[in-house]
Structures are given as C-alpha cells and as structure tokens.
Amino acid sequence: MAVTKKDVLEWIKAFAQVIAENKEYLTELDAQIGDADHGANMDRGFRAVLEKLPNGEDVDIGKIMKTVGMTLLSKVGGAGGPLYSTIFMQAGMSIDGKDYFDLADWAKALEAATAGVVRLGKASPGDKTMVDALTPAVQALKDATEQGLSLGEGLKKSAEAAEEGMIATIPLVARKGRASYLGERSAGHQDPGATSTFMLLDTAAKVWANCS
Amino acid sequence: MKKLINNPENVVLEELKGIELAHPDLVKVHYDPDFIVRADAPVKGKVALVSGGGSGHEPMHGGFVGMGMLDAACPGAVFTSPTPDQMLEATKAVDGGAGVLHIVKNYTGDVMNFEMAADLAKAEGIDVEAVVVDDDVAVKDSTWTAGRRGVGLTVLMEKLVGAAAEEGRSLKEVADLARKINGQGRSMGMALTSCVVPHVGKPTFDLPEDEMEIGIGIHGEPGRTRMKVEPADAVTEMLLNPVIEDLPFESGDEVLLFVNSMGGTPLIELYIVYRKAVEMLEAKGIKVVRNLIGPYITSLEMAGASITMLKMDDDLIKLWDAPVKTAGMRWGV
Amino acid sequence: MKKLINNPENVVLEELKGIELAHPDLVKVHYDPDFIVRADAPVKGKVALVSGGGSGHEPMHGGFVGMGMLDAACPGAVFTSPTPDQMLEATKAVDGGAGVLHIVKNYTGDVMNFEMAADLAKAEGIDVEAVVVDDDVAVKDSTWTAGRRGVGLTVLMEKLVGAAAEEGRSLKEVADLARKINGQGRSMGMALTSCVVPHVGKPTFDLPEDEMEIGIGIHGEPGRTRMKVEPADAVTEMLLNPVIEDLPFESGDEVLLFVNSMGGTPLIELYIVYRKAVEMLEAKGIKVVRNLIGPYITSLEMAGASITMLKMDDDLIKLWDAPVKTAGMRWGV
Amino acid sequence: MAVTKKDVLEWIKAFAQVIAENKEYLTELDAQIGDADHGANMDRGFRAVLEKLPNGEDVDIGKIMKTVGMTLLSKVGGAGGPLYSTIFMQAGMSIDGKDYFDLADWAKALEAATAGVVRLGKASPGDKTMVDALTPAVQALKDATEQGLSLGEGLKKSAEAAEEGMIATIPLVARKGRASYLGERSAGHQDPGATSTFMLLDTAAKVWANCS
C-alpha cells in the first residue's frame, strides 16, 4: 500500500485542476476577510507548476515536491506563496530520495510541512489560518498509522479532519494574516487558506484512494 | 468592470512596459523576475533602498525609484506581495557595497517574502537590513496578531530615508532613521467606493450609495466601521483624531501632513480635507511644517482618502527638502 | 453622490482655502473676486500669464501658478467659466509692466468673459493679448459653430509659454509661441464613467456598466460616440488615430505625448495606455521625445483618459525642460 | 398703460423666484446637451441680484436694470453670465432715466438687448440658443405696438412667441454654445438658455399683466 511517483504527479495535476475550478470560490472567500486574491494566486502558482512539473524520469518524489515548492515561491507571492511553498519543500525534504511512500511516511511529511508553516507564519491553531486545517489532518494521519488503517482509510480520515478544521475556522476571530485587521468582523467567514488546504488533502485522498 | 486594461493577467507586465518606455532617464526595468532599478544602479558606496509590494498602489513603489529615493522596487501581482526571487535579484542589482535596506510594509505576505529574500541575499554575502512599516491606526496593535498595516507613512519613509542614503549615511544609520520614522508617524484611511481587482472583475466589497467605510486598508480590506456618508469635515475628524491620539501628537509638535487620494478621489476634494485638517491641528497647537497632497499610495480606482502625520525635526525637514528625482515625486533637481 | 465635500456651494471656496494653507511658498489666494497669483507677483518686466476656467479640473489651473508657468489663475464655479471681474483683478495683480497674456480655452463662456476682461484691462492701460486653445479633435471644427474645445493642450501650453515668459520674451513673442503651440497640438478624450457635479448631485450622463463614451469633453459633455467598453489597446487606437490624422502628425515628427487621467482613472492604467500609444507611434515613425503622464486636466472624479500630442522642436524642448515650480508640475528647481 | 419702477422690481424678484423653482429643471436640460449648470448659474446670479437690488429710491429703471446686469456679470460666469448681463445692460441703457415705460419702449429695449446678445455671442436665429426665444419675442412686441394692442396683450404675445421659439429649438442642431459640440446628437433637446429666456418674458407678461 504505497503512493508512487506517478501518483504524486497525478495528485499535483488534479489539485491544479481543483484550484482552477475553485479559483472564483477561493477569491470570493478571500474578498470577505482578505484581499480577494487567494484563488488567483493559487491558480497562477499551480499553472506555473504544471509547466515546470518533471515528467517523472530522473527524479524522485522529494525532488518533485521541492520543484513544486520552488515554483510556488517564485510565482505566488502574498502570504499563500511562502506558506504553500513551505508545505511542499518540507514534505519533499521528508520524503527525499524515495520513489514511493506509505501512510506513516505521509504522516511524517505532513507533520514536517505543518511545522514549517508554523515556524514561518507563527500562527497557532485557532488563529483562523491554514494551520487549522493542517493540524487536525496531521493528527488524523498519525492516529490512522497507529491504528494500522489502510492508506486509503487514513487519507480519508485526514481529509475529513482537514474539512472539520476548515469549517471550524468560520466562527473564529482571526489573529494572523490579513483577516486579523478585521478583528471581530472576521468571525462568520471561512478562512480561504484553510479551504485550499482542505482541497489539497481531499484531492490526495481521492487520487490516492486506490493506491496499492 | 470599467478599466483601461487589456487582459487582466497582463496588467502588471503592460504597466512595467509603459514605465520602461516613459522613464528611461530615471529607471531600468527588469523582467522575470520583475523589478525596477534606478538607471544608474548600483550606486557605488551608497546604501541601497529596496521596497516592493503588490501592484495597484501606483505611483508607489515603482514611481519612487530614482535619485534621492528608492534604488529598486519589486512589483507583485495586483495587491499581492512580490516573491523572494524578485527581491533577491533587485537586492543584488542595486548593492553598491554599502549594504541594502529593505523597506517592508507590515503584511504577512510581504514580511515573509522579504524575510526569505534577506536570508538568501545574506547567504550571498550582501549586508541586508529590513525595516517594517506599520503606521495604520485603524488596526489594533498586538503581539498576538499580525499587527498594524503599513500604509501612507511608507511614502514619506522612502523619501526621507532615500535622502539620508544619498547623503552617504551608513546602513545602520539609515535603518535606525527608518525605525525612528516608523515610531513617529501614523495614518488612517477611508473609502467611498470599493476598488475592483482586475482578475476578480467586481468590487471587492459592496458599499451602498449612501455609506462609507472608515479605517480601510489599501487593498480594499474592510475597515473599522461602516456608516452613512458624512461631510468632508466630519470625515477628516474621524481620520485625524485617531491619528493624533495614537502617538499622541501634542501641542508644540511640528509635523508633516500628508493627505492622500486612494485613487478615485480627485485633488479638489483633497484640498478640502487638507483645509479642515490644518484647522484642527492649529486649534491643538500642532504646526504643519511640510505637506504632501495627492495620489501617492493608491488602491486602484478606489475613491477615498487617507491622512498621515509624521512628527518632524530639523534633520527630517532637511531630508524632506533634499532633491528627489523620480517619476512620482520630484523637486530640487 | 459620494464626495469628500461639505456644502456643495462651498466647494470652490474651501478648495481655495486648502490651496492657500498648503502652498504659501508658491501662491497667494485672493477672495471676492477669487483668484490665485504666484507668491512673488507681480514680476517686474516679465510678461504675465493669466488663465482660468471652471473649477473641477484640478490641478489645472490653480496648481500651475508659480515660477515658470502661470502668474495667475481664475477659478470659476465648478465647470463654469469665471467672471470678468476675477480676470480683470488678476490681470492687474500680475502685470509687471511687460503686458499680460490670457490663455483661454475655447468655450463660449470662457471666451466671452475673457474678452470682456481684456477690454476692461486695456481700458485701464494694460497691454493684454489673448490666445484661445482649441485642440479637441473630437469636435468638428467650423467657422459656423463654437469650434473645437480647449482641453489637454492647455496644460502643455501653460508650461511652455510660462518658460518663454520667464526667459524674458516679449508679449508678442509669447503670444505667437502660444498660437504656434495651438497650431501643432491635438487631443482627444474618453470616459468610462460620468462625473457628478456637486450642486447637481447625480451623474451628468448615464453610462451603462458595459459602455464608454469616446470623444468626451472635460465637463462631461457627451462625445462622438457611445459604445461597448473595449480593451485599453483598442481605446488607445480610437483616441490616438484621430489625433494623428488631424494635424496630421507624420513620420519623422518629434512629439510630446501626454496621457492624462480624467480624475478617476489611476496611474497604472495610464501606463498601459502610454505603452500602446508609444508602440503605435513607433510603428508610424513618430518619435516621442518628451512625455507627461498623470491627472493634470481632470473632470472631477470621472474615470477615463485623454491623449494629447504636440509636435516639438528644439525651442519647445528647451522650454519644456526649463525649471518649473508649481504645486502641480515641478522640476529643475 | 405703463410699467413702473415698482413693477420692474417685482418682475426681477418674481423671476428670481421662478429660477429658484426651476433650477433643477434648467440644469437637467443643460445636462442633456451642455454641462449641467445653467440652473445653478442663473440661481446663483439672481440670488446675488436680490441682495444687490435697490429698493427703488434714488434710482430709475435704467439704473436698476444695469445693476442687475453688472451683478449677473460678476456672479454667473459661463456663457449665460455675459449674455444675461447684456440683456439687462442693453435694456437698461435703452430705458435709461425713466421711471416708467410703455409697450413701445419695451419693444425697443428688448430689441437692443437681443442685438447685444447677438453681437456678443454671434449666434443667428436657428442656432439653438436664447436668440431663438428673444428674436420672435421682439417681433411680437413690435407687431403688437403697431397693431395698438394693450400692454398686457402685447406682453402676452411676446411670451407666447418666446415659448414657440423655445419649443422650436428642440429639433434644431446646435451651432453655437456648448451644445454645438454634440453636432447631430443635440437635436431632440430643448435649449436651456432659450428656456430661461422664455421664463423671463413669461414672468414679465404675468407680473405686468395688470399694469395700468
């Protein structure tokens, strides 16, 4: 039960597709409590990623993820750029040198990614950021590994946890990022970064559902 | 959406081409990564100033590149901070051996990207200092949040610190001066209409025909309160009083008063606001010794205005009066 | 109506107060009759330049009073030409003994009022010449009609002729230069939105969200045609081609290209238009040797732009580069 | 059958009132083919006139009219200012020194006023300006004088003629003033200046209807 290099490439391509389809939606969420660019930023970044994406020869999964991270860093900008770049760079470093990985590897990779995001953005859970989607997803993956769940099961649980975390951002008052300028008025809106992060993990769960 | 643009995706690129064609005597434009440097960069032995941020705030920052102000500006996508590779390349292009100061507006994205760029530049052996501007009193300050936004004071800082660098001051002196300026300047803005981000194509926020937003940011971020439109004098009070009280500015202070258009508000209205602001300051014994009135830090076509006040002293007055030659601000040469 | 104003009736008065408070180093403001003169008026032995027109076009004309440009400006009510008593008093206040040139935009009201003022001034023994600017190619010219409107070229004329007067040229020379400039400059403008005249309180014209008006005047007068909004490049062609064809400008010509905001259009869009205009001119072998980009002759908060082209020669280039020190245009000093 | 100094003062006050009431209407007409200020300009001018208007002592009708003309000149601006100023200055010079006047005097006064307007504005009848209201009104006054009509009858005819002239501006293509910039597009709109001029003569006919 492992995710291969090919699966990783497919995941990234599928996520680029999801972002393209949800560009307006993410931007609309950002318009409520931010500056109306999260969808456009992510879409610009992942269109560049599609252009730079290796075809899978002469590279390992770590290299692929780091290429994605570097591309996002130079194409996205804003808060989302460095943060998403960090997710892929840290996950890539965690999985470095491998051509496939299992649920435990993925749990570790996402934990490293989340730690990187927290180091860079200094947000804690409950600050109404993507950290609120990442943190429970990491916990769900760890639990699933311990419980010996299948890859597909574990990924599904992590996506569900991310979704819950995303929805839980709605009532929160933002303390980090642009939404924090709104103070109390930020409550009642779903965080755009947590939403795209859920989509990332949800896409993984769907694309890798039948990996064997 | 009503704009004189072509494909929304090409707005920044076409703007840069326009700037390149218009001001070859002042600046050079580099593409991919995009940045603007003064025509004579790098200036040997001078501390170099690099700033940048999302596009859509013109003339800031690209219009402030030139003698006596910035050495380089990095334009991001509209309202999106630029990326570390732009900042790194700009930093390398302008470093004249005396170090580089990054002037960063306090937005999570700008701060993160500039931090990464500074790390990369330092790794290449360039002396880099960064100063974060956070002058917007509309936002409550706190160590637990992202803190205040950097707005109008950025323009004044770029002019003043630019003059200091031109004088030959060291990187440390220039950075300390920038921090001092940040410590004694405050701003607040308001909007009568929303801006329209080109790739979004509709207003960022809906403001009914009879309402205004007080405490707005320069990216159309909602402000402190939304209320019925009030006359200019009342609006001026709503902006200026929080600015005065925050520092606080006090009787006997000498200040620079900056009345800025958010883009869609014409000059005639700025003078009406300026008039009221001076009357208020005079009544409080605060003396306006210098001023700036016009669209300098804008938010696309948003109608509205912001007021910035900076406490002045002899050194700052001398630096303000020093020659500056950029597309957006020019005197003394 | 969304504006930073108080009582619509006081807009001009409060604006003048603002200008007076903001620029005591540059100008003096007289009230009742209202006019603005440069701080050191009258300048002995120099031909004095007086212009004026309705308010709402800021920085024109009040923002162009100062060394190297106008000696006085007479502001009328919003979009309404000033009255002969203003012009007469301004003329008397700036006459330095070398005569006074009236720069008049070709609108029936402006022409009539300035004519009356000139007659009155002449009766008081002042040497007065008048030059009428009529550069707007959107209007068909004919001796049977009021003729073309005076628009963007006015700004360039005030700068160039101001420099010539500063050089010490005679009234006849200065007036001839102004007529020469009028003969070789042309403009055309467009609007994306209507302006709102303060005392009217609603848009002068209704422009649906997807339409624009080509050939608009600076008072919201309807233009040549109304059509669906087009991309900036197409709009630039619609403005620039009639300008080029009218004079006509030809391969080998050296020109000053002026891209102006009607008030509500931000700088970022002007650079996009400028870029396209230069590309078009280059393709035709016309060389842009100087430029001006920004809101200089506006129509309150109207969104839109105008393009002005002026054929240059060595004398005009020298005059353009000469120092100017006004609130609205400043360089070389 | 004569108009006295008192009647003249009443006419001017009544016209100021009519202008105040029709300010928006005149401005609206001007918005169609001009610059949306004719009503505001006239109102500003006649409010100043009311302030400066002599109380009738130590002045004759000519002096009163010339005061009105001078006040309009310095308070109105635009095309309307000098033109309306000319109407009052020329009429005042025509009636100079008198404390009352009859229909023939008024016909001459308005003829002089119209000639002044034409001299200044260089408009011919049919150019879609106030000249189109003035010219037929003068003709009607002359005809009425020749026919020996009463003052009231003559004034009524002149107001009717001005009204017809005003309405006749609707289909015209403007050749003078701001409306001329519109070319063919000026057709179909009533000229604001001709409209206020009709109001001026109509007010005279009404206020002076029962002069004896």
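First chain written, first letter: the chains are A, B, C and D, and each begins at residue 1.
Quick note on the criterion: a contact is a pair of C-beta atoms (placed from the backbone, for glycine too) under 8 Å apart; a residue touches a chain by one contact, two chains touch by 3 or more.
Computed from a predicted model, the values in this text were never measured in an experiment.
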item	value
Relative to subunit D, chain with the most remote C-alpha centre	A
Whole-Å gap separating subunit B and subunit D, where each centre is the average of the chain's CA atoms	55
Centroid distance [mean C-alpha coordinates] between subunit B and subunit A, Å	32
Listing of all chain pairs that touch each other, if any do	A-B, B-C, C-D
Touch list for subunit A against partner subunit B, complex	27, 31, 33-37, 40-41, 44, 73-83, 120-121, 174-178, 180-183, 185
Residues of subunit B touching subunit A in the complex	33, 54, 76-86, 107-109, 112-113, 116, 138-140, 144-146, 149, 197, 199-200, 204-205, 217, 219-222
Subunit B partner contacts - residues on subunit C that touch it in the complex	2-7, 11, 14-15, 17-19, 21-22, 55-56, 58-59, 63, 192-193, 209, 212, 229, 231-233, 235, 263-275, 278, 288, 291, 293, 295, 298, 300-301, 303-305, 327, 330-333
